[in-house]
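Both complexes shown next keep chain A, but they swap its partner, so chain B is in the first and chain C is in the second.
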Partner chain A sequence: MRRAAYRGLILPGVLAAIIVLLAIAAPIMPLIDPVRQDIAHRLTGPSAQHWLGQDEYGRDVLSRIIWGARVSLSVAFSAAAAAALIGTLLGILGGYFRGVVELLTVRAAEIVLCFPPLLLALLVVTLLGPGAGTLIFSLSILFAPGFARVAYAETLSTRALDYVTAQHALGARTRRILALTVLPNIATPLIVQFSLTVAAAMLLESGLSFLGLGVVPPAPSWGLMIRGARGAMEQAPLLLFWPCLALTGTVLVLNLLCDRLRDALDPRGRAMGRPGFLGRVFALPPVPSPPAPGLLSVQGLTLQVPGPNGPIEVVRGVSLSLAPGETLAIVGESGSGKTLTGLAVMGLLPAAVTPVAGSIMLTGQDGMPRDLLRLPEPELRALRGRDMAMIFQDPSSSLNPLLRIGTQVAESLRAHGTHDGVHDRVVALLRQVGLPDPERAAMAYPHELSGGQRQRVMIAAAIANHPRLLLADEPTTALDVTVQAQILALLQALKEAEGGMGMVFVTHNLAVVAEIADRVAVMYAGEVVEEGPADEVLAAPRHPYTAALIASTPEGEAERLSAIPGAVPQPWAMPPGCRFAPRCAMAQPACTVTAPALEEVAPRRAARCLRWRELA
Partner chain B sequence: MTAPLVRGEGLTRAFHRRGGLFGRGVPMMALRGVDIELHRGEAVGVVGESGCGKSTLGRLLLRLMTPTSGRVMFEDRDLATISAAELRALRRRMQMVFQDPYGSLDPRRVIGAQIADGMVIHGLAQGTTVQDRVAALLRQVGLDPGHAQRLPHEFSGGQRQRIAVARALATQPDFIVADEPVSALDVSIQAQVVNLLADLRGELGLALVFISHDLHVVRHLCDRVVVMYLGLVMEEGPAAEIFRAPAHPYARALLAATPSLRHRGAAASPLAGEVPSIAKPPSGCVFRTRCPMAQPACAQSVPALRLLPGDATRRIACHRAEEIAA
Partner chain C sequence: MLAFAARRLIVSVGLVWAVASLVFLVIHLIPGDPAELLLSQGGIAPDPAAVEELRDRLGLNLPLWTQYLDYMGGLLRGDFGLALQDEHPIVDEIALRLPRTLELVGAAGLIALVFGVPLGVAAALRAGGMLDRLLTAGAGLALSVPVFVLGTLTVLVLAQHLRLVPAGGYVPFARDPGRHILLLLMPAGTIAVGLGAVVFRVMRASVLEVLERDHVRAAQARGVSPAGIIRRHVLRNALTPVVTVVALHLGSLLGGTVLVEFVFNWPGLSGYLVRSVESRDYPEVMGIVLVISALFVLLNFLVDLLYAVIDPRVRHG
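For the complex of A and B:
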């Protein structure tokens, strides 16, 4: 991804370099003097001596274009550099100190932005008289506020970051913080702004020269050339073409460079689209005979993402099962693949992730088992929100801030064919999830509710159509402890009320598992390492990782916590053999060779360890 | 007993929601008169739910923020009256570890340089001694000294938090505020960092303010605990005591709501309602809207923080302290 972004820089980079080099090298190139007139041959077309012909005074056009580039570029670069310097300084100071300083710098600069740019430039030039110096001066005044704005916005967001506060806490002087910490971290958008500004400055410079207010003739400039050629348009239309081509070409190259620069400097890279249903199905081998499911049965689910050295399996051979009315907790550390497993069930995998093996059988409201991995999108959509529903970690980003709560809950009812008595049903749902004064809550907007209340609304929307399966991805992680207890109690009560609804609860917190789950699947590095009844697994784990996780939970009286050494392996650097081996206290040489399979260790209980018997 | 190293007296801090061009909006009281004392080598845990003012308290103690009223004494110096130069010099002795190990390191500078910052700023070491100190610090927090020239993104969350700890230790401080230093970490990594902090405290005699919403971690690491709610201290006392038998109704509810591996049922009878907004705190006792023991009198006056009857080590802010102690 990154490499592709850098490769994209080559074309515009080389073109821009050629333009700049030509301009710099103009004096040493064997060019005809750009101001030498040859009235006898005025307006003659291209010849061996004058490749692009001669202008209205018989001067060589090619030579004037190249010398003109020199003038245009140096004016544009100087103006952009001056604007960058002034604007960035103002923006940083305003953003860092806020208050009065902000008023004096950024706000003052913004006043300049209120004037139409050409008008302002005209004003300055008229006051100071034409010439390159005036041009640079007026252009830098024009463009400085743009830099000030960018620098200001970036500084505002950067200065709130912990690493800036950390510098302050270390006792660093403001000067040091601004130069060493703030400036490098806001440089990227400023560089992009700079290349945009150069292009804009070139255009404006040509415009002003065209109006006779910029570069003073006979010095060559593209704007002056266009002005001159306009008079002779009838006799020699090509004369107009060359400077226009030079100007548009240069501006286009600079804009392209700026686009590519933004891509290359943005660490997130460019977004990709979602693959269609066909792409998904072609990647999947057929399964012989899907096992009969209870409510949900995931078999051998393997998910891949593309990596620099071939695809990476971020979820490998995951198998889970859930009976009606049960709660299954998927627990694991960050990056263990919990969320992806949940999203695969909902058919909501991100674009980069493709299922390559396995099956996900869900028994719907009609009692029919279906393989969700191989279902076309329209059928999946019909299941979503009716047979299966999902709640997410962050309730504020999953609700539309512009719609009333009641409307959003009603939406999930209407989407699945309920049209009568919607309002009453919405109020009943909001009452069921424990919102005080549900009639009024239905009319409220999301921002009027607290985080816990918003999560209740999400739950109301999720259970609106009595789903068979409720998927909850860390639904309480963003909430306070006392509110978490409320939501856990609510989910428990709902499950009893909605007889037969199964729940998959994704969490990183073992104590929450103990609180809510009937069954638990422990994931590590993309694999299920242990699965079984929650009580049994937590009381007597059969996998060293589960045991170590329990031991490292800060409860009980032990003086020291027992930490698991090392860190979770990166998905592209999985150890051979058992993925937990580098951190496992029980690892033996065999463990680094053979990848253990998920073995049944007791009825409805499985572990993925070569030595599970020794833990019994 | 010796004099405390750090003392916060009546710390109050208001924030102003930006209201229009000239208006300053309603002041929101993030902290409403908090007293706190910290002795050399002591670890105090500050717990409470979001918005109770934990982080504000930590930042006030380090004077990364100025109090609206009240003062912070470091040894015998008032941080508000000493000169800027004196304060900068004093910063050598007080440091901070942040919650987010991804946000607290500058993504564009190698970690060795960031660890060295404090030493350079305070002129504690020069040239190769800086390199040696950085290597020693990396070793002290359990990292490879050879990794000093790497950028933060090359480390995992737990390793970054160790780097942040190394940076805080570089100036040999006496006092560290750790604001939720393990909340963003995975359970297995969390234990590594908690153990590291416990070891360092023992070895270096650091005074530590440990801010957390995870009661289990606090119990592990701290001698004393301060339980906060809506900008006020509800209960304060020895960690072991408070965890064994919390006295204040809020402290009880908080402890009961914390899920535990060992006994199910935290969700059995959860506390009703949610933390009110700090812009509109309830009259009288701030906890009364959710308190199972609330009485009409609780709405009349703010209960003062006072010794729990019959217990000389614990203080609670509740009108019904006598009944609780009985």
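For the complex of A and C:
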């Protein structure tokens, strides 16, 4: 990815180098004197001697273009260099010392940004008179604050780094720290800023010269050439064309260079897929119709993400089932694939994640079973929020800050064809989830509610259409401990009120499982490692990972609290045998070779371990 | 909301006062005698008696703080002083030309938004696709063409070669509305090309960012249609950065229409400014810079209000 980004630099880099080389080499090239006039041949077209023709004073156009590059580029580069020097110095000083110094440097420089740039340049020209010196001076004033801002921001973040603090503690001199540590760290954003500035300075220089307030004639400048050619536009339109092309082309090359430079230095936020709700683009091979589920039946679900060395399976062969009125908890550490499994059921997977095998059967409100993985997006959308609903981990970011609470809850109703009495229904829902003063809450904006209240709103929106299946993805993780218990109690009460609603509860908290779940599926590294009735699994685990999880829970029965050594393996570096073997206290040589299958260990219980019998 | 607006207004008035003082100081403290500069045409040293006479007339011999109070007092009464060249009241000329520049900037902003916003949304929704790549490349090109190059080429092609439109000029709306709009559209369209490219880029990036937010996925989980998601959950949320950028650019355009007004002979404020700069008419330059800066501040004030309209959190914060 980064290598591709650097490759993108080649074309604009080479073009920019050619332009700069031409400008530098102008005096040693066999060019006609750019200011030598030849009035007798004014406005003559291209000839063997004058490749691009002669201008309104009979001067050679090609020579003036190349010499003009020299003038434009030297003004732009000097101004950008001066601005970089002044601005960076101000920014570093302000960012390093803060306080009064910051006020005198960065904030003072920012006053310049309060003026429209061209206006300020004109003000300087009024005071100093036109000329290249004035141009460089005014352009450096204009662009220095930009550098000051970049340097300031970067210095602030570099200053906070541990090794800078360490140097200070070791007694290094401030000047030394600034020169040796801070400067190299802020170099990359400054390079981007520099190339941006050169392009902007060229635009301003040529604009001022075009007005006759920049470079003084007869010195060649692209802006001046366009100014001159305007008068002869009717007789010699090409005269106008060449300097326009040179100017636009150079600015384009510089801008392109700048874009590519930024991509190469900061590869974040580049390629992105189309948003999923516009229609998903994967096609799965059909499966012979699987048996009708109780409520939900996930069979052999496998999810892939693209990796540098081919696709990576982040969820592999996951099977789950849920009867009406049941609560299934999916437990596991971060990265175990539990959230992705939940999102796959809703058809809300991130664009990078593709289902490649399996089926997800859901019995809808009409009693019809459907395979959600093979349903077209419009039909899936009709099910979302009606037959199945989801509440998310962070209620603060899951509500649109710009819309009233009532509007967002009402969306659930309106999206599924309810248009009459929506307001009353919304208020009733908000009352049902226990919001005080539901009339007022409906008119409130999300930021006016507490975290727990926002999660109640999300639950109200989820149950608006009496879904058959409610998916809850760590719905209490972002909340205070006292609020967590209230939300759990609310979910329990709602489930009893909505007869037959099944719930899938994704969590990493075993205490919650014990409290709320009928069945539990333990996931590790993208696989289900143990599955069964919640009380049985918690009382007598048949997989070392489940046992270790229970031992690491404060509320567990273990005498001593123990952490599981190591970390979940990265999806692209899965061990060949049992995925838990590297962290398992019971691992044997066989475990690192053979990947165990999910075996039935008791009626309605399964575990994925070669040695489950020894745990019994 | 009212308290919010009042707070912002006080800050804005303070800023205008600061800008006025700054402009005054810059003009008066910079080395070089304005009177001498004005009279020294063509490098010939002016007659000392004439310089002294002009200094007296301009009040330059008074103590600086007296001049400052006089100037500020004049501003409060809406008096910007007289031009040095022909002694016309500066405020009259500004009042005549300012609406034309505002009209030009407003029209350019409108065109830029009308094209930039929908195209930015369309490109973002198909990020990486053919349309997106085409539009992104087009915006890159549009940003690289200097506005006076585009204007000059427009005149060359549309007016000189095809003879479709007049080469420029100005007709009051009351006299000939059709011609007025035609003459407005060319400079406004020229400005709008670059500005529209900026709007496009910001809108595209902003929509892409909003699409990744949790509340969009939550709306999807409710079964909201794509059109509903884009309308209620993406567009309005994505608009805030666009408002910022457009306001910033419109602000710099207030002084930046110089080139376009020059190319199309549009008799706006900028042309007046260039003329003043050329003739080094200090009171004129001061007056125009002040008016434009004050407008800039006013624009920022309006943008703050607009934020409050878009985002309830700003209103209550």
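Keep in mind that, in the parts below, the second predicted complex is superposed on the first by the 452 of 616 C-alpha atoms of A that agree within 3 Å, B and C clash if a C-alpha of one lies under 4 Å from a C-alpha of the other, contacts with A are read in each partner's own complex, and residues count from 1 in each chain.
As a working rule, contacts are C-beta pairs under 8 Å (C-beta built on N, C-alpha and C of every residue); 3 or more make two chains touch, one makes a residue touch a chain.
Bear in mind that the values here come from a model prediction, so they are computed numbers and not experimental data.
**Student:** Of the two partner chains, chain B (first) and chain C (second), which one does A:153 touch, if any: first, second, both, or neither?
**Tutor:** Neither: A:153 stays clear of chain B and chain C.
**Student:** Give one of first, second, both or neither to describe whether A:43 is in contact with chain B, with chain C, with both, or with none.
**Tutor:** Touch partners of A:43: none, neither chain B nor chain C.
**Student:** Which partner does A:89 contact after superposing on A: first (chain B), second (chain C), both, neither?
**Tutor:** Neither partner.
**Student:** Is the number of chain A residues in contact higher for chain B or for chain C?
**Tutor:** Tallying touched residues of chain A, the top partner is C.
**Student:** For A:112, decide between first (touching chain B), second (touching chain C), both and neither.
**Tutor:** neither
**Student:** With both complexes superposed on chain A, which partner does A:416 reach: first (chain B), second (chain C), both or neither?
**Tutor:** After superposing on A, A:416 lies in contact with chain C but is clear of chain B.
**Student:** Look at A:401 in the shared chain and tell me whether it touches chain B only, chain C only, both, or neither; answer first, second, both or neither.
**Tutor:** second
**Student:** Under the stated contact criterion, what part of chain A meets chain C in this complex?
**Tutor:** 111, 114-120, 122-123, 125-127, 199, 203, 206-207, 210-213, 223, 226, 230, 233-234, 237, 240, 244, 247-248, 251-252, 255-256, 259, 269, 271-278, 346, 348, 381-386, 389-390, 392, 394, 397-403, 407-408, 411-412, 415-416, 445, 447-448, 458, 461-462
**Student:** Taking the touch rule as given, give the residues of chain B at its contact with chain A in the complex, in rising order.
**Tutor:** 49-50, 62, 64, 87-92, 94-96, 98-100, 103-109, 117-118, 121-122, 156-159, 164, 167, 171, 186-192, 194-195, 198, 213-217, 219-220, 253-254, 256-262, 264-268, 270-272, 274-275, 290
**Student:** Quick check: in the complex, which residue numbers of chain A touch chain B?
**Tutor:** By the definition above, chain A touches chain B via 161-163, 165-173, 176, 180-181, 184-185, 333-334, 450, 452-453, 480-486, 488-489, 492, 508-512, 514-516, 538, 548-550, 552-556, 560-565, 567-568, 583.
**Student:** Per the contact definition, I'd like the list of chain C residues that touch chain A in the complex.
**Tutor:** The touching residues are 15, 19, 22, 26-27, 30, 32, 125-129, 140-141, 143-149, 152-153, 155-156, 160-161, 208, 211, 213-226, 228-229, 232-233, 236-237, 251-256, 258-259, 262, 273-274, 276-278, 280, 282, 285, 289, 292-293, 296-297, 310-313, 316.
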